[in-house]
Amino acid sequence: MNEMGIALELLGVGMVTVFIILALVVILGDLIIRFVNKFMPEPEKVSAAKSTVSVPEINSKKIAAIVSAVSKVTNGGGRVVNIEKL
Amino acid sequence: MGILENLYKMTAIQDFINNPGYLLMLAIGSFLLYLGIRKQYEPLLLVPIAFGVILANLPGGGMGVVSADLINLEGGHTKNLLEIAQDHGIMNFLYYSLIKTGFLPPIIFMGIGALTDFGPMLRNLRLAFFGAAAQLGIFIVLIAAIALGFTAKEAASLGIIGGADGPTAIYTTIKLAPHLLGPIAIAAYSYMALVPVIIPLVVRLTCSKKELLIHMKDMDKQYPSKLKIKNLRAVKIAFPIVLGIIISIFVPSAVPLLGMLLFGNLIKEIGVNVARLSEAATGSILNTATIFLGLSVGATMTAEVFLDFKTIMIVVGGFLAFAVSIFGGIMGVKVTNLFTKKKINPLCGATGLSAVPMASRVANDIALKYDSSNHILQYCMSSNISGVIGSAVAAGVLISFLQ
Amino acid sequence: MGILENLYKMTAIQDFINNPGYLLMLAIGSFLLYLGIRKQYEPLLLVPIAFGVILANLPGGGMGVVSADLINLEGGHTKNLLEIAQDHGIMNFLYYSLIKTGFLPPIIFMGIGALTDFGPMLRNLRLAFFGAAAQLGIFIVLIAAIALGFTAKEAASLGIIGGADGPTAIYTTIKLAPHLLGPIAIAAYSYMALVPVIIPLVVRLTCSKKELLIHMKDMDKQYPSKLKIKNLRAVKIAFPIVLGIIISIFVPSAVPLLGMLLFGNLIKEIGVNVARLSEAATGSILNTATIFLGLSVGATMTAEVFLDFKTIMIVVGGFLAFAVSIFGGIMGVKVTNLFTKKKINPLCGATGLSAVPMASRVANDIALKYDSSNHILQYCMSSNISGVIGSAVAAGVLISFLQ
Amino acid sequence: MNEMGIALELLGVGMVTVFIILALVVILGDLIIRFVNKFMPEPEKVSAAKSTVSVPEINSKKIAAIVSAVSKVTNGGGRVVNIEKL
Amino acid sequence: MGILENLYKMTAIQDFINNPGYLLMLAIGSFLLYLGIRKQYEPLLLVPIAFGVILANLPGGGMGVVSADLINLEGGHTKNLLEIAQDHGIMNFLYYSLIKTGFLPPIIFMGIGALTDFGPMLRNLRLAFFGAAAQLGIFIVLIAAIALGFTAKEAASLGIIGGADGPTAIYTTIKLAPHLLGPIAIAAYSYMALVPVIIPLVVRLTCSKKELLIHMKDMDKQYPSKLKIKNLRAVKIAFPIVLGIIISIFVPSAVPLLGMLLFGNLIKEIGVNVARLSEAATGSILNTATIFLGLSVGATMTAEVFLDFKTIMIVVGGFLAFAVSIFGGIMGVKVTNLFTKKKINPLCGATGLSAVPMASRVANDIALKYDSSNHILQYCMSSNISGVIGSAVAAGVLISFLQ
Amino acid sequence: MNEMGIALELLGVGMVTVFIILALVVILGDLIIRFVNKFMPEPEKVSAAKSTVSVPEINSKKIAAIVSAVSKVTNGGGRVVNIEKL
């Protein structure tokens, strides 16, 4: 049966491909980690300084403090829609 | 008298009398709304889909997606979008410009990529391999469906539900069997919502208590082997680029999905310098795409198309595909455990079918029930995330061979 | 010499000399900007419309919407969007892809739905009925316009201004008389901005002091009858679904508008589980749609199209339609009061014409001027919101009979 | 006059339809309220519990704290629309 | 055996062997990513462009923009967007609907307008004049490119890089020489990122220390002449309207760019009443446009198109255009200084080439190095902003004469 | 050479046009400033009153207070992007 032949071939090709690709994911990931560990082991300082900017470390306590501060000064009329770390 | 007759003609009452299937479809749409709103089954997708079903089955409203036969002209040409809107209304305009073109699923993948953190996968890289075994359901159900009389393209679209990945299932079905889009999308999202039921079911049938007690952190301490990542940010930036190129060379037809997924992930990882872009990708673009995808996928489910024997087969087959994929992931671990000293908890294979991060949470809960110190969430996330890649690759293979 | 000649040819100076109408249109565009910016007449729509008018009347800029005659080809075909963009520029690309297709008004209705709270209407449900009487102006002006030589389709587009609902007016006009889109849209939004002038005018001409003193809360205490809502959230979720289905069966041609309105409302009421969707519907989608709707509606008003006798008729007729609709709403209350003991303040009828929530605020201010304890805002909101449904239904009837 | 005939018919059909529909709005609204009052008089607790689950990154206690803080200082006029973990 | 053969056929390995140019393009894409991510060269545009280059050069992925020859049909017709998507994939769908139509650059200009503050220019209005002299590089490089064998249209697209304005360069190239879009866009954005290198270079070659010491604030005190603005808000609202109309009469072909720029600026200046619109223009619309512009411009750079002698000429010519434009701005100041007592620092001419606000910052830094009290940022901003208008006008002239 | 002729003409036309336009920018800007100074020298009160109605009534002092509060708790890393009145 032709359709069934295709189906069986797809089972073979498909599973083999998926296994190859995810093996590649494992291998490439490993190689990238090794490469980076060897050639750029530390987050470079220039970039690091900049990158800390990118992870806004405003923790929830601070948010609560801000929110309550806002509420207070606006007599309940204001709301903090968004706080961005600069 | 004439006025009342005209008034009656204006209403859709006669249409419902002529074709009570519409009423059934309205009931199905309402039931899907119930699942999305009350049962909270993937409401972000299921609510728009359900509403699309309702809109499409209000006869005379012109909100149902029409067959491609009405769009195709002779000589390989089609009506243009302006003609489609004028002849068939805005829902067909949406469907043929955003869905039939294959546009929205890659766009949604871009947003998912920008929401995905590959960190847990990179920290437990070896477990990513089990995302492959968990694609088994796709191909097994494909074979079963062909045996039951589906065409190869239809069978592949049905099987891909076993990838447990909504956009991938939709993209594959658009390419191979667009007439089955509605039921397949609904099955995919419904079963994703049922992961907390399906995973425990399959695990109970296949895993012994001893296996489920395998303690992942203890194993890590006993057999320490993992590479320490010294510069996570650099790895996370390099990873999507390298991976995207290499995967795409092997499965080029997966480029629209995986390329956009990895682009989204890349702009996420670059951070502040392109924050405007990742905000757009995960915010306005993703949300807008979700609304229009849901509505227009739902709108494909008109009474004529849905009330078909194949729909029931899709409901059954989709469930099987999920179950077999979970089984595949579990068996992958069991086979591996035969050859290694460092044992892996089979739950880390069950999560290979995507459905991030719900599958991992469910697996973690099961593990904790057997041993309250056995936190396996981070381990599960590895195969869980790699399952997204795995099903996109499987979709690429299917599209490449069958289109 | 040749250079200067070429330089002059490049400019649009000769065009202005040949057709001074362009200058007049630039003046009109600037006046509309003045209304939007300084007088704050519905600035969200009027500013983009006004700027669209200006852009369209800069000859040589290619930003005016061209007649459909230039888009239609033989055999019922049209130019495709790529050809439209290449032949007629980006404004026609916008107009023919987003407006002519009828796409944006339902999208804007989705956003309005997600911003609308049906709560006040549900709490004073009986008053919702007066949203029907306040559609009278639509049909009266339709008749008058036909008497004055408009075609039925044009007259219907003119009358629908009396629904006091911008997207509904635009949607109806796109379907029935697209060549009048610019002036009708501008009239609709201008008169909506003039509601604080028009309502008091009509009220003064039709209501006695005694009627305006009818105290709604006292009446409620005297004749308590209202159903108490025990689970508002469940009611608010069920309401748009049930309503949408039932209305759509009676007026299927209103589905694109009402369906999207109620979809928007549904995702608002579901709440946190689909918050991403309602944020998109009320945020990026609504705002983007507003910009492009405004610009391209304004760009239909080229000198050739606008400087026509019909434009003046639209300005006059639109005002009449508003006034008669308010009158209809008031008369609806008066007639009801003849038969009931529990009297209703006629201001609760005047607000039946949509223009949410401005009409209610204006009516409330009038009531408070007569009796500073007579807060009727919540009562007015009921007919005000139902007026949106009423005018969409009227639009559906017009489209169904005339298209 | 034919056009005028259409116009008069539209006046009739249109106003009748609008009245029918808004009568349906009143009736259906009434029925829905009665139905809900009878069969689901209380906001169900299960659903409420579930929905906190769906707000994943910031735990519910913190949200409750913030929300109550906001409510308190705003006398009920403010609302926290969205809190995102940064 | 058959399976392995089919598996191999599915991969793109043979394509790379047949055409190693793809590998070179992947390397170029990766290098551009390096520039965008690590060197932070205009990352918002360069990262999407670079990823687009990578996607386009994964053979078999179908993500490369195809030649217009494949889109054009006989009789001046083209494939419609649905056919383009089905025949050539989503990237061509994006490119032909958003870029080839000329849609995105004006949309991006709208966002830039809504981000631009004309205040500094209005406060130092006379300096705005030097934005004209700084367009010299456009026309000089145009002449040089024609001498080297480029067609007039290609040469104009190359020259416009000297306007230092990304969207203007892209818009002009789409209209005149779309086959050069990729390299020209990349050159434009790369050299904009290199402004901190190019301006000091040209300044060092052309300006004496004495000139660079000219103290702008002292000059202002010595020769006070400036009009005081009593109502800045009113001026800022009137300015874009009046300016838009007058400029558009002289250079109608610049309307799509300048009209949208000034519309964006107008909604910014109106403020709170239309804040929803300016938020959309600078937020979701601008960000979404940037992603899709970047990806699809990058995707035009397939191996066949890019690996051409002209690409190298564009790289060299673009640099020259930048340098000559800066030179033109400086010479404009020097010539003016010959005739006036109130001297101007030539750095205020160097900033006439756009690249807002980076050029001004760089010029300010140079001035401060010579005299730490000589803060010239506000002065530079005037010619810097007017440079945006200047290059859009130049683009209008080129398009008007050559299209 | 024809192409070169076009190029030279474009140099002429282009630079002349750009100079004319930017001269117009200077002149029109000047005229607008003079016009506004003469006819609407002060930000009109009516409009101001109206706009306060539509503007969420969070005045600048309050905003300053909020912003400084945010700066304080976030050590200068946060910024209030938007405050909305409910």
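Read from first to last, the chains carry the letters A, B, C, D, E and F; within each, the first residue is number 1.
Throughout what follows, a residue touches a chain if its C-beta (ideal position, glycine included) is under 8 Å from a C-beta of that chain, and two chains touch if they have at least 3 such contacts.
Predicted, not measured: the structure shown is a model, and the values here were computed from it.
Colleague: Suppose chain centres are the mean of their C-alpha atoms. Which chain sits farthest from chain B?
Modeller: F
Colleague: Would you identify the chain whose Cα-based centre sits farthest away from the centre of chain A?
Modeller: Result for max centroid distance from chain A is chain C.
Colleague: For chain C versus chain E, what separation do you get between their C-alpha means, in angstrom?
Modeller: 39
Colleague: Distance between chain C and chain F based on Cα centroids, please, to the nearest Å.
Modeller: Centre separation, chain C to chain F: 31 Å.
Colleague: Going through chain C residue by residue, note those that touch at least 2 other chains and give them in order.
Modeller: Those would be 6, 10, 40, 80-81, 250-251, 273, 279, 283-284, 397, 401.
Colleague: Please list all residues of chain F that touch 2 or more other chains.
Modeller: In chain F, residues 9, 13, 17, 51, 54, 86 touch at least two other chains, as defined above.
Colleague: Looking at the complex, which residues from chain E come into contact with chain A?
Modeller: The contact residues of chain E facing chain A are 2-3, 6-7, 10, 38, 40.
Colleague: If we count contacts the way the header does, which residues on chain C are in touch with chain B in the complex?
Modeller: Spelled out, the residues of chain C in touch with chain B are 71, 76-81, 84, 96-97, 100-103, 106, 237, 241, 244-245, 248-253, 255-256, 259, 263, 266-267, 270, 273-274, 276-277, 279-281, 283-285, 397, 400-401.
Colleague: Give every residue of chain E touching chain F within the complex, in rising order.
Modeller: Touching chain F: residues 121-122, 125-126, 128-129, 131-133, 135-136, 138-140, 142-143, 146-147, 151-152, 155-156, 227-231, 233-235, 238-239, 242-243, 246-247, 250-251, 271-273, 386, 389-390, 393-394, 397-398, 401-402 of chain E.
Colleague: Residues of chain C touching chain E in their complex?
Modeller: Listed in rising order, the residues of chain C that touch chain E are 6, 10-13, 16, 26, 30, 33, 37, 40, 43-44, 47-48, 51, 54-55, 58-63, 80-83, 85-86, 89-90, 93-94, 283-284, 286-288, 290-291, 295.
Colleague: Given the complex with chain B, which residues does chain A contribute to the contact?
Modeller: My answer: residues 3-4, 6-11, 13-15, 17-26, 28-30, 32-37, 40-43, 47, 50-51, 53-55.
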